[in-house]
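As structure tokens, here come the structures.
In what comes next, subunit A is part of two complexes: it sits with subunit B in the first one and with subunit C in the second one.
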Partner chain A sequence: MTPNDLDLRWGLMVPELLVLLAGVLVLLVDTTVKAPDQDRRGIQTGISTLACLAAAGYTAVVLGSTSGTRTGFGELFVVDGLAVWFKSVVLLSAALASLMSERWLRNHRLTSGGFIALLLFSTAGMLYMVSAADLVMLFLGLEIMSIPLYVLAASERRNARAVEAGLKYLVLGSLATGFLLFGISLLYGFTGLMGQPSTCIADVVAAVLRSAPDVPALAVGGGILLFVGMVFKVGAVPFHMWTPDVYEGSPMSITAFMSVAVKATAFAAILRVFGGSGVLEALRLHDLLFALCALTMVVGNVAALAQSSVKRMLAWSSVAHAGYILLGVLAGTQDGLAAVLFYSLGYAAMNIAAFGVLVHLSEKGHEVERLDQLRGIATRVPLQAAILAVSMLSLMGMPPLVGFWGKLYIFRAVVFADFPGHIAIAVLGVLMSAVSAYYYLRVVVVSYMSDATAPAPAHRPSFGNGLATATAAALTVLIGLAPGAFLALARDSAESLRASSAAVAPAVDASTATAVAVSPQPPRR
Partner chain B sequence: MQASPSNLLVLIPLLPLVGAILNGVLGRRFLKPAAVHTIACGAMAGAALLSWAVFFQLVGMEPEGRALSQEVFAWIRIGSFHADYALWVDPLSAVMCLIITNIGFLIHLYSVGYMQGDPSYYRFFAYLNLFVFAMLNLVMGDNLLVMFFGWEGVGLCSYLLIGFWFSEEANAVAGKKAFVTNRVGDFGFALGTMLLFAALGTVGFQEINHQLAGAAPPSKGLLEAAALLLFLGACGKSAQIPLYVWLPDAMAGPTPVSALIHAATMVTAGVYMIARLNGLYFHAELASQVVLWIGAATALFAATIGLVQNDIKKVLAYSTVSQLGFMFVAMGAGAYATGMFHLMTHAFFKACLFLGSGSVIMAMHHEQDMRYYGGLRKFMPWTYRTFLVATLAIAGVPFFAGFFSKDEILLWALGSERGHAGAWLLASAAALCTAFYMFRILHMTFWGEYRGLPPERLHAHGHDDHGGGGHGGDGGHGHGGGAFVPKESPWTVTVPLVVLAALSAVGGFLGLPAGLLGHHANLLEGWYEPIFAHSHVSLQHAFHNPGAEAGLMALSVAVAAAGIALSFYLYRTRPALPGELAKRFAVPYRVLLQKYSVDEAYEAGIIRPILVGSREVLWKVVDVVAIDGLVNLVGGGLKALGRGLGRLQTGDAQVYAMWMTGGLTVAVLVTIAIL
Partner chain C sequence: MTSSAFMYLFLAAAVAGGVGMLALRHPIHAAVSLLGTMLCLAAAYAMLGAHLMAVFQVIIYAGAIMVLVVYIIMLLDLGSDDARAFRSVKVFVGIPAATVLVSVLARLAWHRAAGTEPRPGLLSSIGDPAAAALPEGFGTVASIGRDLLGRYVVPFEVTSVLLLAGIVGAVYLTGRDSAGLKAQGNAVGEGKGTGDGGQAEGAPAGGEEFAA
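Here is the complex of A and B:
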């Protein structure tokens, strides 16, 4: 392969490079800048936030301005509407998580270089995963994303629970990665059987569709393994068991980041491989996904009912929301896919707002976890209490906040989709959403309707965290007020999925084992 | 109609919103009163100038394409349901924008003097700006949903401003009453919107009117129902029978609020809504009849109550209810342009009257009982002159604004294809009462001898006056017991009065009677032509000649003259007679004074039964036994299930791994097995 074939279009990779560069810079600050820890933390979180915002801006403005699919780097790397949308979500979450981290680092007197750099490297991995056009690339992105997170989960080294969280995440994550890798190798073998061994996602999809309706067990098994490896990151039942423990043991800002960005990335990958092209049906994964959705919504919501720790409740709630979002994938229609995109963004906003308030209320050795620690915060910190209430109401699905529209779009897409049991599962989703009102409203009730028991902890509020919380809360409200505009954007972004699967279709009809084009690019390899 | 895009439109509502946010957030701690009113009035001035700019842009366009639109952002798009946040300005909404922003600006200016020294100065201006924002949304919205947003927004602001001095319980109660009564109407509005969507598949005004232009629509029953429900909303907002009861109580708010919200703008929302949906009401003939009769009945009913009230603001409040009835008569008779004409002239003279009464009330140390007034003419010359002009306008004295608009309404009430002699009779009687009670105010307030406040009332008002502390005064009017002399208000008060009085005097020339002077004399009708072109209701054949119109005009002048003459006879020639009459006709007098005891009837017939039923049945039986029982059962079960699931969460990584592998194995086996 000559360098020309590699097709190095660096312009497409600017966000990834920016984030990686920022990571290196942050590490350099630790060794070169002679300043008190306090200032260094400020500089490092500042670099990280600005880099993420700049990357998000580049993604949204420069990459998002031209529609259509662009590939590069030997057809490993793709930038399309889907990638632009999810990269923006991930980068926004990363920027807000960096802002939130400053306070936690200060409370625990940790130097921030490693922490922030790992956060950025993980973000870079997410960006690569979102843009992966090839299963190997997807695997690499997944690992670059996950390995820093294993370390970050255990940041609080002297706390047994944190170390336990990190270790559990590592062990179970590795198991899931094993599934994923095994699945990829099976699919590689399958494409080989079909005459053209390839790990390119478009080739795999085309091969599967070509062999439909009698897809060999080799492909089905590979598909299931790949799928399971991905839904592990989403936290779908029964691959969710790590979530509560890991979310509880990790620093609050990392929990927020994981619950939002990792999920968004995993959904992007799921959509990229399984979305909109009929692969899900061809591989007979549809019934499996149906079962996963039902289980995830029920278990997530019901388990959240019984929690007395807010952090753990939010962990279970993130499982429940994963269930709702998976419903959109299950619907598979254009509306469903657009709803997945919309929900990912909305969930990021409202969940980060909720965690931001918890970070604000926490102090070293006094982390807000139990529900009764929120008693009477409405009188103590009215603004934060209001933001917490808004985020809870939004998570619950109260109009006109973003959570309501997300759920409406998802459930509507399922109702109008066409597969057996679609009404039943939509009804189940709505019922479970009603169940969730209990545990979300309990937070509001406790913070507004009971008297404070503990005296207000005296601490300096963190500017960064305040900014992050306010931004997330503002998004929760604003997207809720103008949902149509964002949905239209999500719909356009999801269009690229359709376009690429449409490009696959003629090749299927031709039933030749030659080039299958994902893009207007000439055939490769 | 095809509209030209314009990016200016959104700025018109945005400026007051920014003003409201600035004053609301920063006003308490950071802004001095001067900064507060500079922001608020500045925002209004900006909005007013922009409205003029938009208006002149419209004037410069071809009549057929006279509309500007702006799609601000995509709001709700679900399947075939589209409701964007889009603004639309055509001749109809342009006039409303001008009324709202310009009269609004004058009233903001007036408030600078009126609210001086109030401890919640910033809050007042924040609410007032917020109100204007909501009202502009109501009139500029391109679909029923944006209108509904404004509709609810003005209701909220009205509630906040009626109860502005909430430390006094009566004010808070009045605010609540307004809010709850409007809820009933808003419920109808929401249902009507849904029905309309069900019938026509859209909530956009242009699409609705476009679909209904031309042939009769298929689902006529649905449309009638939708029109009736929407009119229920209008009854709430525009204070018509049976939902008018809140408006007289709403006078508990500061007087500028009464002028802006409860006279000039918000209460006309129902009239505007019907004009906006003229295509619907044109086809909904039954609903139009209801509108006509409710309007006529309200006009007379409220006017009779106004005859005997002693509180100056109460008289004006009932007068507003009555005048709104006139507008609905026009709407019901299919004379949409005429109704809008009266809406405009009414905004001029009623705002002037309310602001004038506010000026008097300020001078009289917040005494609102006219029996303590008298002879104020010599103390407050400007207030008197402007009040006089506005009174002449509302009474229907020839060539003042109200004369033309009211006359045209009476013509249509009788002569329209949808008109009825009965409705005309009711409205004419109401016009007689109007002339009488308005001149009664002049007699009791400005003419005759100054009666003055007895010291105990003076004292009482000095302290518990709205609980707001020393507001409204520049310290000039005699605190401390001694005889005080009422004095004229500052220029911020009198300048708006003069402007409004001038408009009340000449505003009618925009709508000169077309029947007498030819079609081109009526500028307003030509202006509204493209809007109402497809909803044309004609006059009956007999009324097509100028003679009929001139005859009716002479008749209504005679009616006004009779009312005025009667007031002179009773209050000038035989000043003792009103008291004697009240004694001789004690029962009817009592009935009128008690406002027909409608409040009491509602209390006994509606509110009590609902309260008792809710408490004894819905709460103690349905809620406690049925709902709570069911909820606790389900909740308890789910919670137990949740604890069970939590027990699976052992914390043991091996167990977790086992679940994962187990899940995977089951998935693979089942999927392969069903292959």
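Here is the complex of A and C:
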């Protein structure tokens, strides 16, 4: 095989390479630049933010300008609308998270080299995972995404809760990865049975569809395990056990990053494998997903009601939102998939805004986590209180904000979808979203309608965090004001899924006559 | 015929090793039992033609991972009395699970031996292995090497990012705290006031050394 056969289209991989380069640069700054820690933190978070923004710009402008699916690197790496959309979301979250991290690092007097570099490596892993056209690539991306996050969750080493968070995430995450890997190997074995061993996602999907409706247990088992491994990263019930503890113990900026970017990446992978091609139905996963959605929405919302810590409440609320987004996957229609994309972006904006305010209010030894610490912030920091209120109202689903449109598109897609019980689960979603009003509004009420009990700590605002919070809040409002444009974009991006499943479809039609057609094709080398 | 006899021998030994690992009371005995299982599996892989897998099994599992396991057992100084707390859980969960698994396997083996088709069901429709025509040279060192540096060269290279991230993460987590990290670089400014005086004092010298 010559390099030409491999199709090394480096232009497609520019965002990943940029982010990796920035990660290495950040590490080098630690050893080469002689400057006070304060300045080095600024340089490193600056490099990280700029690299992520540049990569996001390249993704959105250069890669996003031409529609259609482009593959490269031995057909392992794909850039299509789905990849462009989710890469933009991930890179934007990474840029904002780097900006937010500066303040946390300063509060804890930590050097930022390792921290920021790990954040960037994790981001690169997400980008690879989003672009994976092959299960091997997907697995590698998942690992590169996860391993730095296990470390970052525990970065406050002196704190028992942080260590608990890191360890819990590591152990449960490894278990989930084991499921994923076992699923991949079963599916690989299944494609071997079907005549051509392959880990290429398109080949696996085609093989499953070809053997439908009587899909062998091997493929069903593999599909379930693969799905479980991905859903774990999303944090859907019953694979959510790690979520509250990990989100609570991690640094605030990392919690924001995890809740937004990891979720978006996992949804991208779920859509890439299970989205829009009828694989869910063929593998008999649809009922499982239905139950998962219902459970996730109920458990996430009900558990969030009982929390007195804002951070834990946001963790449970992220479980609940995972449930809403999964509804879009469940719907499976083009509208549903577009709604998943839209919601991922909207959730990123509003959640980062909420965490940004918490970071702003936190001082060393005075982490703002409990609800009563928010008392009277409206008089103390009116702007931040307003942003917090906007993000809470958006998470709740208040009309002009992005959260409302996200939920509207999701529920509409479910109502117009065609599977048994679709109305029931849409009603359940709306009801649960009404339940969530209680705990989101409580935050607003506490910050606006009660007086401060404790004197405010001396405050040193951070430019980076302020910028990140303001950007996220602005996005929350702006996307909310012009949802149509973004939905149209999401629809165009989701189009690539239908295009790729359409490419599979003729093969299905051709081989349905010879139900389990064994075609000994030469292996792709 | 001899090869299949050897196959059964190795597989039986592997199962025996697994049972031994669970049954033996002393952790080191259990570890050695596990080693036996791994070696027998390696032999089975070799007989199936997956030579590279067999070599990996010996070098990585029977070699590196076993050393790690034994090292941890010795580091923690586990006696035979520890780690038996889950006995009742094992009995209540393990025995039913094992019964189900064994009965399913026995049913499949019975039908295969008798040459009959098992009743159609989810568990029986595993698929027909005979239909799988593996390409020539599948699983040999040459073909895996060609794939690894051919079609799969990007994942192969991207793995290095994973290793780098792992190394950076390990250093970040186990490094000598923030003050320790500063000692490697250059502690100017606020670093000196952190209270970890002992480490911060050595900072300037360490910084110059590192820069040079």
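As a working rule, the second predicted complex is superposed on the first by the 511 of 525 C-alpha atoms of A that agree within 3 Å, B and C clash if a C-alpha of one lies under 4 Å from a C-alpha of the other, contacts with A are read in each partner's own complex, and residues count from 1 in each chain.
By our rule, contacts are C-beta pairs under 8 Å (C-beta built on N, C-alpha and C of every residue); 3 or more make two chains touch, one makes a residue touch a chain.
Since the structure is predicted, the reported quantities are computational estimates derived from the model, not experimental observations.
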{"item": "Touching partner for A:Leu383 - first (subunit B), second (subunit C), both, neither", "value": "neither"}
{"item": "Contacts of A:Leu17 with subunit B and subunit C, given as first, second, both or neither", "value": "neither"}
{"item": "Partner chain in contact with A:Ala117 - subunit B first, subunit C second, else both or neither", "value": "second"}
{"item": "Subunit B versus subunit C as contact partner of A:Ala217, first or second or both or neither", "value": "both"}
{"item": "Touched partner set for A:Leu27, first subunit B, second subunit C, both or neither", "value": "second"}
{"item": "First, second, both or neither for A:Asp287, with subunit B first and subunit C second", "value": "first"}
{"item": "Which superposed partner A:Val61 touches (first subunit B, second subunit C, both, neither)", "value": "neither"}
{"item": "Partner chain(s) touched by A:Met137 [first = subunit B, second = subunit C, both, neither]", "value": "second"}
{"item": "Which partner, subunit B or subunit C, touches more subunit A residues", "value": "C"}
{"item": "Contacts on subunit A seen with subunit B and repeated with subunit C across the two complexes", "value": "217, 220"}
{"item": "Residues of subunit A that touch subunit C when the two form their complex", "value": "1, 6, 20, 27, 30-32, 34-38, 40, 73-74, 76-77, 108-111, 113-115, 117-118, 121-122, 124-125, 128, 134, 136-137, 140-141, 143-144, 147-148, 150-151, 154-155, 157, 166, 190, 192-195, 197, 214, 216-218, 220, 516, 518, 520, 522-525"}
{"item": "Contact footprint of subunit B on subunit A as seen in their complex", "value": "164, 167-168, 171-172, 175-176, 179, 217, 220-221, 224-225, 228, 232, 238-239, 241-242, 244-245, 284-285, 287-288, 299, 302-307, 408-409, 412, 416, 435, 438, 481-485, 487-488"}
{"item": "Contact footprint of subunit A on subunit B as seen in their complex", "value": "73-79, 82-85, 635, 638-639, 641-643, 645-646, 648-649, 651, 653, 655-657, 659-664, 667-668, 670-672, 674-675"}
{"item": "Residue ranges of subunit C in contact with subunit A within the complex", "value": "122-129, 131-135, 138, 146-147, 150-155, 158-159, 161-162, 164-166, 168-173, 175, 177-178, 181-182, 184-191, 194, 207, 210-211"}
